[in-house]
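Shared between the two complexes below is chain A, which has chain B as its partner in the first and chain C in the second.
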Partner chain A sequence: MSAPVQAAAGQLTPRRRAAGPGGGRPRAGVSGRARGQGIGYYFILPAVVLFLVFIGYPLVRSIYQSFTEWPGFGPSKYVGLQNFTAMFHDPVFITALVNTIEFTAVTTIVSTFVAMVLAAVLRAKWLFGTVFRVAIFVPALLSLVVSGTVWGLIYEPNFGILDSFLNAVGLHSIAISWLSDSGTVLPALIVVAIWQSVGFYMLIFYAALHDIDPELYEAAQLDGASVVGQFRYVTVPMLRTVTSIIVTLNLINGMKIFDIIYVMTGGGPDNASQSLTTYLYSLAFGGQVAGAIPAIGYATAIGVMVLLLAIIIVAAQLAIGARRRLT
Partner chain B sequence: MRGASSMLAKHIAVRTLGYVVLTVTAVVCVFPLLWMVLTSLRTPDSAFGKSFIPTAAQWTISAYASAFTSAGMGRGLVNSLIVTAATIVGVLIVATLGGYGFGCFNFRGRRPIYIAILSTLMVPGAVLIIPLFLEFKVFHLLDSLQGLILVYIATSVPFAVVLMRGFFERVPENLADAARIDGASELAVFFRVMLPLVQPAVLTLAVFQFLNSWNEFLLAETFLRSPNLLTVQPRVYSIVGQYSTNWSLLCAAVVISVIPVVVLYLILQRRFVTGLTVGALRG
Partner chain C sequence: MSSAGPSDNSAGPSVNAASSVSRRKFLGAAGLSAAAVGLAACSSGGGTGASGGKSTGKATLNMWSWYTEDQPVWASVIDEFHAKYPNIQVVPRTFGSLADYSPALEAAVSAGSAPDIFAPATLAISYGKAGIVLDLKSQLGSSFINEFFPSINQEYADGDKQYAIGWEAQMFRIFYNPDILKKAKVDFPETWDDLITASAQIRSKTGLAPVALNGNPSNNVADFYLPLVTQASNNPNLVYQLDNLSNGTSWNSQYPVEAFQMMQKLQQNQVFESGADAVTYDEALALFYTQKSAMLFFGSFIVPGLLTSASPAFNKLYKVGMTPSWTSGARHWGANQAGAGWSVNAQSPNVDAALEWLKFIYEPSRYATIMQKSSSMAATMTAAAEGSNPIVKEMASWITDNGCNHILFGVGSETAVGNAAAGVLGGKLTPTAAAAQTQSAVETARHA
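Moving on to the complex of A and B:
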């Protein structure tokens, strides 16, 4: 039924890719711009200085510091890989790692899928289509502090609207204290993250949908493809490039998750919602245990782990992209 | 006939389903914000009531008054305004210069330097926060708006340079050459010829930067200590801790922190959308 559609889609893929983000940028021959050899340095100088002082140096120092033990004062002591081996005997780190992975995986899958479906639905003509689009996008304008604060009130067990609503419809048994139950705290935070970001991803998909040739949908309709079929055989394949970008963004944002957790639970109850970043932050800047000595070396080592995970994600993304281009 | 009517029925079913999906999603997205606004506009003790919409006697803007007077939101707004404006100016200057340098000149080491900058785009802020904190402590830049502005500019520069380079690269080079033949200095070429050509991109970057700086929390929370220096995000966070039982005040503070963003969004809607998406697609 849909073979012709797929063929048509296949035919058009190169064009789509050329129009895709960054893909078709005309390579203005830089070699031809040989003029003013040395002058270029002056233009990049401010950027390079800022980069070296505030990103390059801290990055190198971070990596060095991760091999040391340092309470934040006095001399630091080189301890080799001790911080990294210690992590895997640290139950809080393991919880934080598992939480971060769970958080990242669920938000990535759900956000990407929901955003794509919403964009595809919104592509059709609807009464008040713009109103729907703006409404769904609005949370993306908010800071994570704002989102966290508002949802903190929503989840509040006594007067929050969620439990008030559940009680009103008679579901007293599930009207619980969402953020102080170690079983529900992570899903509750994930919901906030998805709520906050889905409109933004939806908008990117929505913009990309306008580059799809409408004839493809007409062809699919003529072939008798249903709405779902059109989504499956036209929309999804045509959005492949954008989807991979959004998945990567989602993964990186998931790895970095800090604000929502810090604002809503501080990693609690009893570390049940700790992520790698909130854990390293509490180790370095206190709050983990009142009066605890900051463990700067260990905290930066966790930071280096976050960096490694980010590198793995980007490398995987590049590898998949490269393989796709070959086939 | 039967086929046509069943197709019509199917069409109606699909449309109805579409409206249901859109309405439910839109309500889920907007409802928490609506509730927040309503809560900010009622008396503190009525915030715990059963009614969703305040009764006539419960409407008040007193929460906004106390957000400004006792919770320091006014100071927060001013601080955020200063930091955001200075950051935007700083990033635009450094990034347009840098983007032009990387995009329109050829010099030794151009590629390795550019790749070094590009590859740090994915470095999570949490990795840099500890060494940055220690570095700023040495420079005595902690707990100052200047310090925060500097760290915002520095951490925004890599992405902004990459973005601007892409735009400068697409400017035909003979335009600059023509100006040079006319005897224009390199700075004049940049300011009079090249910069006006990428003006839309500069505006987009400014909007993108506005949202990022205004909504930034981690660095502000870590670097600022004095209550009178806090920008809106850490200010709101501290109000959450301090006035956790006064929901009207909390919600008023949140609404105040959001208003500048919403106002700018309404003025520059199109720019906002491209500003946000450009960040995603190029980053």
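Moving on to the complex of A and C:
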């Protein structure tokens, strides 16, 4: 730039300089971004502090606690990896782990599939369609404790409505004690969990269905696709992103399942419905058993294990989802 | 207008300061703030936590329990106490159940802010050994402690130390509906074999469940099973020896197996309702007071429960009988501990006030009145004899001669026994398998 041109540029008003493409605009941009960043930090500070107090510190403390032996009072004793190695020699932990995985797998697959089908079916202009949608969604509004209590009474073998109905229609052989049989207790709990959650997932699918271009269905129809074909080749692929989110939510909810089991069976009979979370709770707080001695260190180690499992499973699921999107 | 530019640049010092906030500085500030919040929360625990202070010249006694049956009684007792001790304020907090209470107490104890007085459940001795609760024998004197049933004191005693005193006693027995027994043309059974015979008749004549027993949670089945061990051995000390695995005892031995065999015999003869191992407390109670079962196995704490759940007519109707005996003429051993007592926080700034309060509520006539009003079984022998509820009074008369231990304190014992007993009750475990499973589970828990 020649000297006269520089001199001319120096005579520009400050306003012009600020608006100019050469020096003013970038300066104003840097200043604005810096100002925004600074103020932004102050805005998020309370949230960060709350996160550190209520999640960050407890998480770090829990990880430390998982390497100790501690009954909840007095000094804790550092025991290294002993709690983690003990888990794999603890038959109740193994049962709880298997139950948790089984519960998570079944609820994830069934909830996701049923919710998607229900959403697709109810998207059609059915008579009383809104009533059905609301009816299916209502269980999601109930607390898990309420659902568990109500279903406990439904399954009750002496006066519960399910066995009373089965007996009334002559199906005496399957009018069994659902919650006291180790073979039926987990499926019985899974039914409750699906009943509770499917309406919520259906609502998410239902909302996502409205974003699918109707022309895709018209094109499929022109190509001769049946209703099932349209569902298989249009609806399912177009809902892939939402499905991924719902599968993730199901996986997380399955891994941390507690309320329904705690209320309905307490993990029984003989640990047949014990999950990792109900087991760690019973170890830490005695659960519903009066004579239990707290084992906070071991319970925390199980909690850390649940966290690791959840991270691994969800990360794997997200990785698979990402790979599918790329292909 | 001309000032627009300069004012942007200088918007002054605050903008410059803000823009100088780096990520590192921000995280440092957040960490410091979090630490400050945490420290503030911790420091407030000492002064205004569960353990009350004296900052206003008054001592505030916080008292925690899950004894819901006493809730209506406290207000008048506290008023009376406050009239005598105006500088001591008592604040009772009653949780809905032991399951709700245990986590709250454990959290308070681990945070060093346990209430001044609290129900220690099964942890009194552990807390005492850790210096968390006082030895009440040294504080209140032996004569005070000796007023209680020995079986109640035993729950909280370690050697010569008494880390809690009983609030309620208990006796597990069989409650029955005389109308249903009459309809089935059976008498209340004396032995377990009599019960099996009566059960067959109750089922055939009335179609009802003979005995309601709740196996969910499984520790209630342990309440049923453990006295059977005492009955089989006729040794009231055996259960505690098993709990401690002392004197060479093992759960996988003769008497525990015989007790499981008796449970299996009862289960196979359909003495209990369907799916008893999954039936909850509320469901078993409902079976009995809705007259769908002829009998109910439970502790005396069910009496206040029936007063609130069942109709007045039913409360006049039902009766209680001795637990059937092993053989005719043998003792009718039944579980006689309650787990309901009071400990005093050794770190409380109000220890003297707490002890005054305990002396006040245990004054014989006042304590007897409290127990009568809540229809509970008194833990002192004198007050128990004065009980006004005829069912509770009758049950209290059996504590000393026919009572035996049923609360296990050893690591893993209660859970192991409960699960195995529930397995037998559900027909899924044989007696020998249940005994072996119990021993194995206890050993695993103690070596974990």
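Everything below uses one rule, namely that the second predicted complex is superposed on the first by the 282 of 327 C-alpha atoms of A that agree within 3 Å, B and C clash if a C-alpha of one lies under 4 Å from a C-alpha of the other, contacts with A are read in each partner's own complex, and residues count from 1 in each chain.
In the analysis below, a contact is a pair of C-beta atoms (placed from the backbone, for glycine too) under 8 Å apart; a residue touches a chain by one contact, two chains touch by 3 or more.
What you see is a predicted model, and the numbers here were worked out from it, not measured in a lab.
S.K.: After superposition on the shared chain, which partner residues are touched by A:Asp270: those of chain B (first), chain C (second), both, or neither?
M.R.: In the superposition, A:Asp270 contacts chain C only.
S.K.: For A:Gly286, using the defined touch cut-off, is the partner it touches chain B, chain C, both, or neither? Pick first, second, both or neither.
M.R.: It touches chain C, and chain B stays clear.
S.K.: Which of the two partners, first being chain B and second being chain C, lies in contact with A:Gly229: first, second, both, or neither?
M.R.: Neither partner.
S.K.: With the two complexes superposed on chain A, say which partner A:Asn158 touches: chain B (first), chain C (second), both, or neither.
M.R.: both
S.K.: Quick check on the superposed pair: does A:Ala86 touch chain B, chain C, both, or neither? Answer first, second, both or neither.
M.R.: Only chain C is touched by A:Ala86; chain B is not.
S.K.: Looking at the overlay, what does A:Val53 touch: chain B (first), chain C (second), both, or neither?
M.R.: Both: A:Val53 reaches chain B and chain C.
S.K.: Where does A:Pro71 make contact in the superposed view: on chain B (first), on chain C (second), on both, or on neither?
M.R.: In the superposed model, A:Pro71 contacts chain C only, not chain B.
S.K.: Looking at chain A, which partner touches more of its residues: chain C or chain B?
M.R.: Between chain B and chain C, B touches the greater number of residues in chain A.
S.K.: After overlaying the two complexes on chain A, where does the chain B footprint on chain A coincide with the chain C footprint?
M.R.: 28, 31, 34-35, 37-39, 41-42, 48, 53, 56-57, 152-153, 158-159, 284-285, 296
S.K.: Applying the document's contact rule, which stretches of chain B touch chain A when the two form their complex?
M.R.: It is residues 14, 18-19, 21-23, 25-26, 28-30, 32-33, 35-36, 39, 47-48, 50, 52, 93-95, 97-98, 100-107, 110, 113, 116-117, 120, 122-135, 150-151, 153-155, 157-158, 161, 166, 169-173, 177, 180, 186, 190, 211, 214-218, 221-222, 233-234, 236-237, 240, 247, 250-251, 254, 257-258, 261-262, 265, 272-273, 276-277, 280-283 of chain B that touch chain A.
S.K.: Where on chain A does chain C make contact in their complex?
M.R.: 13-15, 17-18, 28, 31, 34-35, 37-39, 41-42, 45, 48-49, 52-53, 56-57, 71-74, 86, 89-91, 152-153, 155-159, 176-182, 185, 265-266, 268-271, 282, 284-296, 298
S.K.: In their complex, what parts of chain C are in touch with chain A?
M.R.: Result: residues 1-2, 4-6, 8-9, 11, 15, 17-21, 26, 29-31, 33-34, 37-38, 98-99, 102-103, 106, 109-110, 121-123, 126-127, 130, 132, 209, 215-219, 273-280, 283, 286-287, 290, 292, 339, 407-409, 411-415, 418-420, 422-423, 426, 428-429, 444, 448 of chain C touch chain A.
S.K.: Can you name the residues of chain A that touch chain B in the complex?
M.R.: Residue list for chain A touching chain B: 21-22, 25-28, 30-44, 46-48, 50-51, 53-59, 61-62, 65, 118, 121-122, 124, 126, 131-132, 135-146, 149-154, 158-159, 161, 164, 195, 199-200, 203-204, 207, 227, 242, 245-246, 249, 252, 255-256, 258-259, 262-263, 276-277, 280-281, 284-285, 296, 299-300, 303-304, 306-307, 310-311, 313-314.
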